[in-house]
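First up is the structure itself, then whatever we jot down about it.
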């Protein structure tokens, strides 16, 4: 990488919502792989919440991306040859806002309007 | 559309997890647009759950896609010129499984392993 | 759907970029399913471009979402029990801009800066 | 991270297709931010291709995720307070396949069937 760019740091905080899909397993259920990934997330110490369509993780960019990469690695280690993940990633510099605060903010607006 | 394909029906059931982002508003917060969309979803009668990184909706393909399209339309009506949505969509023919059942299945595996 | 919302029309124009993944097939390659979907898209008459990480389709919201739903249906008809798609969807009201124009606009900025 | 997991390496190769959206800029066009990111990608030395709905990057997990994080950082440095990215990420252990090879494989199937 050229010198102008090499010094740019990745964000200190982000959230990632990801949904990992094992491909080519012959098994329609993905629950066992999702459970493996949940154990990894617990071990990571990063704040995370599973929902029915993915898992949201909060932390520094590098920590969060590392754990998602490890999730791919763990599923491969279990014999899955191809892993596909869809992610949403958000960063902001105006304020720190946790996942809970985001939901609460919307609920407040809805309550006010009722 | 050619006759071979015109008769193909869209799936009778699906889930969609979506995250809508208004673009070019000059407002860093998206909570007001998200609240508008939540009201639409309530009015739709479709089963839905908001989480910090999106909203999951369940129903027939046509009903779910229609309501997400209406969500874009409502946000445009509020003056937002550009709307960008990221979606995960899943369909399956082997069984009917609700959002709650998916999460429960993973939690059972985790509990068993502890 | 309540009367306030039932009359809201879905957008007249959108683009969708989607990546469809067959789940539980026992086959690591997804090329055959992708090819099936490309044939469907050709038959649809909608403008579309395949790239290495998905396919971009342009048209009205209803037409585009219908063809993606048909893509799920076709892959299910081929014996795949579960299909997972990741989509990006964009709509705008300020102007009509094709996929080619979007890329060209960025290339102009890059050329100007060199 | 607990010792069992700390040693797990992220994948040596992956592709990421990402679409970055600046939020709260008051500017409907995102072309200027996309151009900034393209310059960063050129400087990174990683193989990448821009299309109308995103950019595909190939490389090791850590290199690719680092450059996407730097893309967020660069857009923030330009004064954008919130950045939202949608990503598709794929890894496989059965073979090495470039972005070009993936498209070619599908085109071969389509040509054979015509």
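Here the chain labels run A, B, C and D in written order, and each chain numbers its own residues starting at 1.
In this text, contacts are C-beta pairs under 8 Å (C-beta built on N, C-alpha and C of every residue); 3 or more make two chains touch, one makes a residue touch a chain.
Which chain is which protein? Per UniProt: A, B, C, D = YkoF-like protein.
From a predicted model like this one, the values you see are computed outputs, not experimental measurements.
Trainee: Between B-C and C-D, name the chain pair that shares the greater number of C-beta pairs in contact.
Mentor: B-C
Trainee: I need the pair from B-D, A-B or A-D whose contacts repeat those of A-C. Over half of the residue-number contact pairs should coincide.
Mentor: B-D
Trainee: Need the most distant chain from chain D (YkoF-like protein), centre defined as the mean of C-alpha atoms.
Mentor: The chain farthest from chain D (YkoF-like protein), judged by C-alpha centres, is B.
Trainee: Quick one: report the Å distance separating chain B (YkoF-like protein) from chain C (YkoF-like protein), using the average Cα coordinate of each chain.
Mentor: Measuring from centre to centre gives 16 Å for this pair.
Trainee: From the C-alpha centre of chain C (YkoF-like protein) to that of chain D (YkoF-like protein), how far is it in Å?
Mentor: Going by mean C-alpha positions, chain C (YkoF-like protein) sits 18 Å from chain D (YkoF-like protein).
Trainee: Please output the residue numbers of chain C (YkoF-like protein) that touch at least 2 other chains, ranges allowed.
Mentor: In chain C (YkoF-like protein), 19, 28-29, 81-82, 84, 86, 88, 90, 92, 94 touch at least two other chains.
Trainee: Which positions of chain D (YkoF-like protein) touch chain C (YkoF-like protein) when the two form their complex?
Mentor: Residues of chain D (YkoF-like protein) touching chain C (YkoF-like protein): 15, 17, 19, 28-29, 31-32, 34-35, 38-39, 49-54, 56, 86, 88, 90, 92, 94, 98-100, 102-103, 105-106, 109-110, 113.
Trainee: Can you check the complex and tell me which residues of chain C (YkoF-like protein) touch chain A (YkoF-like protein)?
Mentor: Touch residues, chain C (YkoF-like protein) against chain A (YkoF-like protein): 19, 21-30, 81-82, 84, 86.
Trainee: Going by the contact rule set out above, which residues of chain D (YkoF-like protein) touch chain A (YkoF-like protein) in the complex?
Mentor: 1-2, 4-5, 8-11, 14, 40, 43-45, 61-62, 65-66, 68-70, 72-74, 76-77, 81-94
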